[in-house]
Structure formats: structure tokens, C-alpha cells
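Next up is a structure, given as C-alpha cells.
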């Protein structure tokens, strides 16, 4: 079947659904019948609905908090989520293990068994497909806040079916954002097509009057990603989702580190997503934003890690993002303990609550960053529509293939991997090597000047070394990877 | 110029460290054979055989390292490179664990050197030089 | 002798000095002879000089870090300071115990003895006068960074003699700021006169070519102090110090909680101190600023306390204050352990280092707050000079007596204690009850409107209850003490 | 209206809690006799005698509470008010200590109730009511 940005018909969808549900035993659970899942979802109380809670927070201008968390054994996972809720989480997640993300359910099964026997987690998340709808319902019923699946799965069709039927009212991901940073050999055509299915499923539920939230994964590789790149991907995924009937979308962004640029990124992300949705005729979509605390390498020291978490929270609160995803003091080491995760929530919530009545003031500097991001995003979006000859899905595939849009440090072969980002003198993320990125000469000039000024200040030539130094910088307590820091 | 095979094992897609290891080892004068992320034990071993590399550096960041690395030494023996050096590093187990314990487990699996979370690749360079007899 | 803002003559100073040194046995140490102390201070390396290090940081636009710390037993105190230096402190303090602050050296002696016997601290700081010059020299020689005395002593003359002769190159305090929040019955005339002595001592050393820093204590009661009040006090003390020959002054401010107002306060504090110094003919004074992390009641939870410390650090860094005084996770409970103190430093330093290349952007909102503070400060300064008939020292005493300047929550009887502060809807500190504060009607109107808007939003009348709720708010995770927060 | 004497003992100048305690107890209907900060044991006792107050609430924030409070019960006995209730609260010792231990020390000194750091005065109101027999 040829890829197109076009709503799947109900027949196409139901035809495909049969294959999806047949792909693993838990797919044949009768709880997956729409005749069961639709009334079940309708019976859920409002406070367990992700979409409604987000829309409410947006109205109030508040920033809600969600941690990352997932362990393989169900009872342990429930214990964990309850603890996080008590620590102040407004939403709870279920982070899915890496085998499930690659649809390697056999290996996941092995991991569950061994984790039960050895009594320590051998999987890095909750294997949702292996556990099936009833276990997931149990998880959902054990907490009093909405629940979302967070993963990184290029083909999440069965996963999406299972979680929504279990009353999980949000699913993170998208055909681009869960491919480029999370896969090596999956064609974009395939992952986009599979996420059209996930979105169509949500669209189907919306047609039944059930609100479900969808969240394109914003931070991509989490490593010095220029805002224009991640915002463009988010907008594309919002448009692709809206076409399939999704009505409640949370677009995301991972903290860069320069506060003004970060606030500009969140503002433009909301403004431009709304703008593009309207431009293409999707007038009834509720858009919210999610800010991810620092996504790159963390410092080892726990006091420093808490400081980084708090600094991230400050930026999130000042930007008025609707939601913030938290990290923990164990980030640089491994999956956090329950207690470490709870402390991350407490520190984060303290900051956003304290700052709830404040926002980053409008200023010429903020305007400049916003203008810059908007022009860059428009440039990239134009290029995508141009090579797609008007079709967004085709455009995205071709644009990545030609490197017109390009994500730094991504493992996917479909990504050109030619651009190199680096920070300017104030720590804002700029681009030093453009590859084939669809930028106009004046935009490139802006970036070049900024990076040249930094290189000059550091008395060294522009090279990949800047990028490498910047990758390490935050984990050693700096934002800009200045050469004098070494030794 | 000696060859070193690098890559990230299992279903792991953490690509950043891998790209930086490639860059650093190249700068240090090695022929780096980078098989990238999502690589199987076989991928590593085949690359080592093809390029006659005396050292395989396995990265595992995502926590499944323990499952993914089991039996790798045996596979090397079967493949006829019993003495190839095996290093492993990254965040090789799930969560914060006593690292001496973790090291023992990986030594028992036949790894020659085991590196803890956040060991900057620069600090491993001297071990490499020593082991490769330079 | 009548109080006047006039440099003490050398004779007056030396005459008084005899009495000061005779007031407690440690005052007769020959190390206090200027013929010993002057060459000793001249022999100190630059990196142990507070004044030089601050001036250097100002040039680089950096924010340096200093903790609070002091324990009674010398060897323990040295261990503590070394640990703090290793944790990243750019300056170390010696916080003085409360008996010494009240010149109750007999009780301090008892406290030292008991602390040694029981092997736990029974004094809340380092009793500097009882220990004398040689022990203080030993402390200074044990660390590699400059050292400062921090106290709250209305009559710190002997203390100042001892610390400077020991090579401590900075002294915190002032005749107003170490009286109003720290005393009950001491007349301002007396404390100002005594601090003229402390400043004259520094002025004497400056005349010998020795750089010594002086730091008026900025935060006063640390409890919802409107910026105009604390800035006015700081400017007055800077002027009083400059008259006695002080050349290196650090004016301070305690975090309020509204980021824009806090940045405005630090900016105006620097600008107006400079301005007033020049206006009154002191052209060779180097002025720097110090930002105090949140000075009011802290939350008990340690993750939340670290978050508050980090948030404070963010504001300090964005304001480009030259120095920041840190708090610890034990703040709400008691004097911190060495380790807790070190963690506070690490978290704080991480944030300021990460943000070192950024500053809070210029904006209309920031300008408004700056203008407001400047107008208020000018208003208060005018009133002070007016009642003093041109003499600042007399003016300060009379202005406090008449409540023209007034500090909230202060214990001192010489303070009118009539004004009541409260936060506005964005958490900025305003004034709800003016007492006799020397504000023009338009300034009062500005405050009234801001507070009225908050009261309206909370559907309650303006009253002291707003102030009370605001006092508790931060320790419970909020900035504005909204009524709905309770139960 | 019953009288309660409040104040801050020793060389302690922490005035904020003291002002809020005054406000809260007044709102709760007591005649509050506030002797303020920097108050001696004698100041407290004299105020209690003068106003016939059945309860003295001592605040100590700055850490010297232990030294400052010693012998206070004896002084009350000497002054002829042996049964006056003595409460103490605030940050009454130096540093973070096991609070059960601290309580014992202050009970041994003759205090009737001992409150830990950050005990909001509102939460002590019910104790007051109980002890004053209301």
C-alpha cells in the first residue's frame, strides 16, 4: 500500500486490525473488542482522562508533572506508580522495555521470567504487550491519575490497542520521533504508516466520544538538537495525527540549556503547531506542550543532578509548558529506584508550584529567538511540502532521505546524519555544519556568525570538536564546552 | 594501524557515545570499525574476523547488557578468535548496583575489561594502549 | 560624643582603640599592634584577598559562591572550612555565635568549654573574640580562599580588630543592618557609631595599601522585605563606610521570590549604590553585589530544599550578582552538618556555572520593576537626608525613629514596625500597610493596586492575614500564600 | 480570658515566629503577654506572675535553647509559681538531632511540652486548650 497523508477508511483500518491483533497471543483478548473497550473507556472517571486533565491545566496556565518509570513485574510496577503518585506526580507513565519496542516479545518474555526468578529487574521497562489488556487495566485501576505509555516503538500498533483498551488515555510517539532516535533500519514509510494506524485508533475512539491524548516525542536524540528540527518534527506529527482524527495533542521539546531559547522554543512550538493545524483545516484540535527536563548526559553527583532537575523545572515553569517530564538523581547511572524517582518529582513540583504565577517576560531577545525559530521551521516545512508535492507523509520521507531535515546523533540510516550542532557564546544551540538542511542562506549566515563568535572567543577553529565538547559539557557542570575546561 | 571493532549491543539505540568513541579512537590513531547500534554478538565477531581486529569494544547503555552479553566469549571461541580482547562499558546493568559485583559477573562471562557508568572514553585509552602492546 | 557622618580622625580612632582592645583579654595580643598586623596583611597572597577576588569576578561577570558555617571548637571549624573549600566554595565564612554577637564573652567561654567536654556544639557559631588573633590566623592559614566574618553584632569593634589582624579580609555588617534585625534595645546612634569604628579600621588599612572588603548585611530580617527598604539600608551603609575610607564594598539583597523583581533589585542595588557614592564624592569605591539564597523559612523535605537552593541560584546567576550566599537542606531544622553544607555548595555552584554565560534579558517588565525600586529608594533617601539636615548618620537615626524607613518583622525597638508587606498576584513583594513610610502618594497607589488585585483574586479583604499566609508560603511549597492552600 | 506569656529566650532575636504566635493566640481568644525577643528566664517568670498566666510558651530558634532553658523550672518554684505550664518550641537545639532524645532532655528540665522544628503554632492550639482545661 502506498503511503499518503490521508485518513484511513474504517474498512482499511479494520482489515489491518485483524493482522495486528493476530501478531501476538495477547492480541486475541476479548477485552480488545470495541464492544467492550468503548463502554469501558466511557465509564472512566474524568480524573483518569489524560486529555481532559491537560486541557484543564492549559486553561489555568499550570505546569503539571510526569515522571518516567517502568519495571517488568506487574505488582512491582503498580507499587512504583502508586509511590510516584504519592510523591506528587500529576500523571503517571509506564515506560516500556526495549525488547517490546523492537517487537521482540520472545526476549521480553524471557526477561519477565528471569526478573521474577532472580528478583531483580532484567528488563528496562514494563513489557506491555506480553502482559496484555487485563494486567494493564489492573495497573490503571491501581492509581488515581491518568496513565500514559512511553516507549520508542516504530511499530506500536498492538501496543496502542492494548493500552487504550485498558484505559490508558495517552500514548507517546510518532512515525518520525519513534523511528529516527530509536531504530536503525526501519524505513520512515513503514513507521509513519504504522503510526497512522495508532492515530486512526485514537481517531476511532474520538468518534465514539472518548477523549484520548497523543504526544509526539519531542526531544528526539536528546543531544543538542536545534529547536527548529524538533519543532518541525513535532508539527509534522501533529498534522499526521490530526488527519487520522486525533483531537488532543501534546507537542514536546527537550531542554536545550539557554533559558531564552528554551522559552522561545516552547512558545513557538505551541504557536506554530496551532497555526499549521488551522492552515490545513484541522480546527478542533486542542494543543498543549510538554517540556522535558535535560535529556542529555547527566552529572553523577546527586546534589548536582537535583540542581539540574530544578533548573529544568524553572525553565519549564517560566515557559508555561503544560506538562513537564522529570528526571532523577540516578539518571547518569541507571534506572532509578522508586525513592530517587520520588525525590525528582518533589524537587520538580516544588519549583513549578513556587513559580506558577510567573512567566518569562516578553523581551526583544526572546522575540528574536522566536522569530528565528519560526523562520527556520517555516523553511523546513516548506521544503517538506515541496518534495512531497503537497503530501506531508511523502514529503517527510523524501525530506529525510535528501537530508533536507536531519537529526544530530540519530542511529537511523534513513537520517542523513550530516548536520552538526554546537552552542554559541550564550549556550544557545546553533548549527555548525548544515549538510543538506533546507535553510536559506541568510539563516545559515545567522548560525555561522554565532558559532564563529564562540570559536573566536575560544581561540580555536570551528570543528566537530566543539560539538564533542558540548556533548560532555553539562555532565561536567558547564553548558558551553569551552576548551579551557579540560585539565 | 590496528583495528578496533566498536558498536552497541542488543536492542540498544544509544548512538551518541558510540559516535564519540569512533571519533576519539580515530584521533588516537586506530582503524575504527564501527558497526553501530542494534548490533548482535555475531555482528561484532564477524567484523573482528574480517578486519583482523585484536579488540572488540562492546557498548551497552540501556540496561539489558547482562542478557545481551552472555555467551559472547564462547561464540568467539567457536568462531576461531578465542583470544580476541573483549571490553564492555556504558550503563551495562539495570539501575544503580554495586559495581564490584557487576564487574565480577562480566569477568566471569569472559570479558577482559569492564567499565562503569560515565567512564569517559579518554580514560580507557591507556588501557587500550597497554593491552595492544604499545 | 555626637554622631556625625564624618571620617574619624586618626587621634579619635586611636584613642577609642585603646578602650576597645582593653575590653576583653584577647584584645591585648601583640599581634594586634599595627606594626605587626600591617606587614602581615601585606604579606598575604592575592588569592586570599577578598576584595581582589571580588573585583576580579566583577570584571569577568561571574557569580562566586560562599556558604555560611561556624562551629565553636577551632580544630572542628578548620575541618569544616576545608571541606567547604573542597566542595567548591570560592570564599569561606566564619559565622559567629550569638553570645559573641551580643558581646557576652563570658557565656561564649562557657559554651566553648561545654562543647569541648560534651563533644557536640553548644554554640551556634565560632566565638571569634574568645579565640583571639592567633587561632584566627591558624584558621586563615588552613584554607586557600579568602575568609570573612559573618555575624550580626551591633558592637563589632573588637571582633573587627581581631579578624583583620588575623588576615580575614572581609567583614559583614553595618550599623543599621546589624542592629535592626539583630538587637532589641541598642540605639541606632550607638551601633552606627560602633560601625564607623569598624569602617575606620578598614579605612586605616586601605591607607596602608591593604585591600579589605566590607559587606553591609542585605537581607535584614529575611522575611518579605520590600527591595526598596533593604536597598536603601545598603546604600546608606555603603555611604557611611565610604566616608570612613572603605574602598571595596559588597551590597547585598535577599531573594524575594519573583524573578523579575529579584533581578531588578540586584541591578538597581548596584546602579544606585554607585550613583549615590559618586553623588557624594566617593569616586574610588569598587562596588559588587551579593545575592542571598532564600532567607525565610525553608521546607523540611530535603529534595524541596535543594530545589529552593537551585532556584535561588538560577536567579542569582541570571541577575549577575558577584557573589551568592548559599543555604543547605538542613536549613529548616538546625545548623547543617558539614556534608549537608557541601551539598548545598555543589548544587548552587552547578547552577551558576551552567548559567554563567546567560543573563536575564532586558524587558519592559524588568524596566518597570527597576524604575519602581529606584523611585522608591530615591524617595526614602531624600527623606533621610531631609530629616538629617544633610547628615546621613543623623538622618538614618531620625528616619527610623519617625518610621520614615521601617523594616518588617524586626526585633529592634528603634524600628517602628508599622509597615506590613505582602505579595502581589505574581509573587512580587509589595506593601499593604505603610505606617509612616516616606512614600509619595503615587508610589503608595501603585502598591495598593497590586495588593488589591491579589485580594480580589482571592476573594478576601486586605489584612494582616495576607502577610501571615505569605510568611508560611515558601516553606509549604508556594510563593503567594493563597487562602485556598489551607486544608 | 486566660493569659499566656510568650517570648524568645536568651540572646535569640528571631522575631518572625514570635509575632505570628502572638497574632494566632490572640485570634484564638487568649490574652497574649508578649515579652519579645532577647528575654531572660526572669522576664518570662515576672510576666507570668504579673498577669497570673497559667502558661509560659518559650521560643528558642537559634540553637542555644538547651543552655538558655536550664534551671527555669527551679526559678519558677523559687518565684512561687511551681505549677505554671512550660512549653518550649522552635529550633531548640543546635543542628539536626534525634528529636526523641531532645524531648527527654527538656522534659528532664521540667518542661511540660516540647515542640520540634517547624511545628506550626496552629497545631499546638489543641494542646493548649487541653492543658488549660477548655
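Just so it is clear, A, B, C and D label the chains in written order, and each chain counts residues from 1 on its own.
Note that in this section contacts are C-beta pairs under 8 Å (C-beta built on N, C-alpha and C of every residue); 3 or more make two chains touch, one makes a residue touch a chain.
Everything numeric here is computed off the predicted structure, so don't read it as measured data.
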Leaving out chain C while keeping all other chains fixed gives the grouping A, B | D
Just how far, in Å, is the C-alpha centre of chain D from the one of chain C?
-> 30
Expressed in whole Å, how far the mean CA point of chain A lies from that of chain C is 45
Using CA atom averages as chain centres, what separation in Å is found between chain B and chain D?
-> 66
In chain D, residues with contacts to at least two other chains = none
So which stretches of chain C touch two or more other chains?
-> none
All touching chain pairs, where touch follows the definition stated at the start = A-B, A-C, C-D
Chain C partner, complex, touching residues on chain A are 257-260, 299, 301-304, 306-311, 313-314, 318, 343-344, 346-351, 353-358, 361-366, 425-427, 474, 477-480
Contacts from chain D onto chain C in the complex sit at residues 10-13, 15-16, 19-20, 23, 36-38, 62-64, 66-67, 91, 93-97, 117-118, 120
Within the complex, which stretch of chain C touches chain D?
-> 98-99, 101-102, 104, 107, 110-111, 114, 120-124, 152, 181-185, 221, 223, 296-297, 300, 330, 332-337, 409-411, 464, 468, 471-472, 475
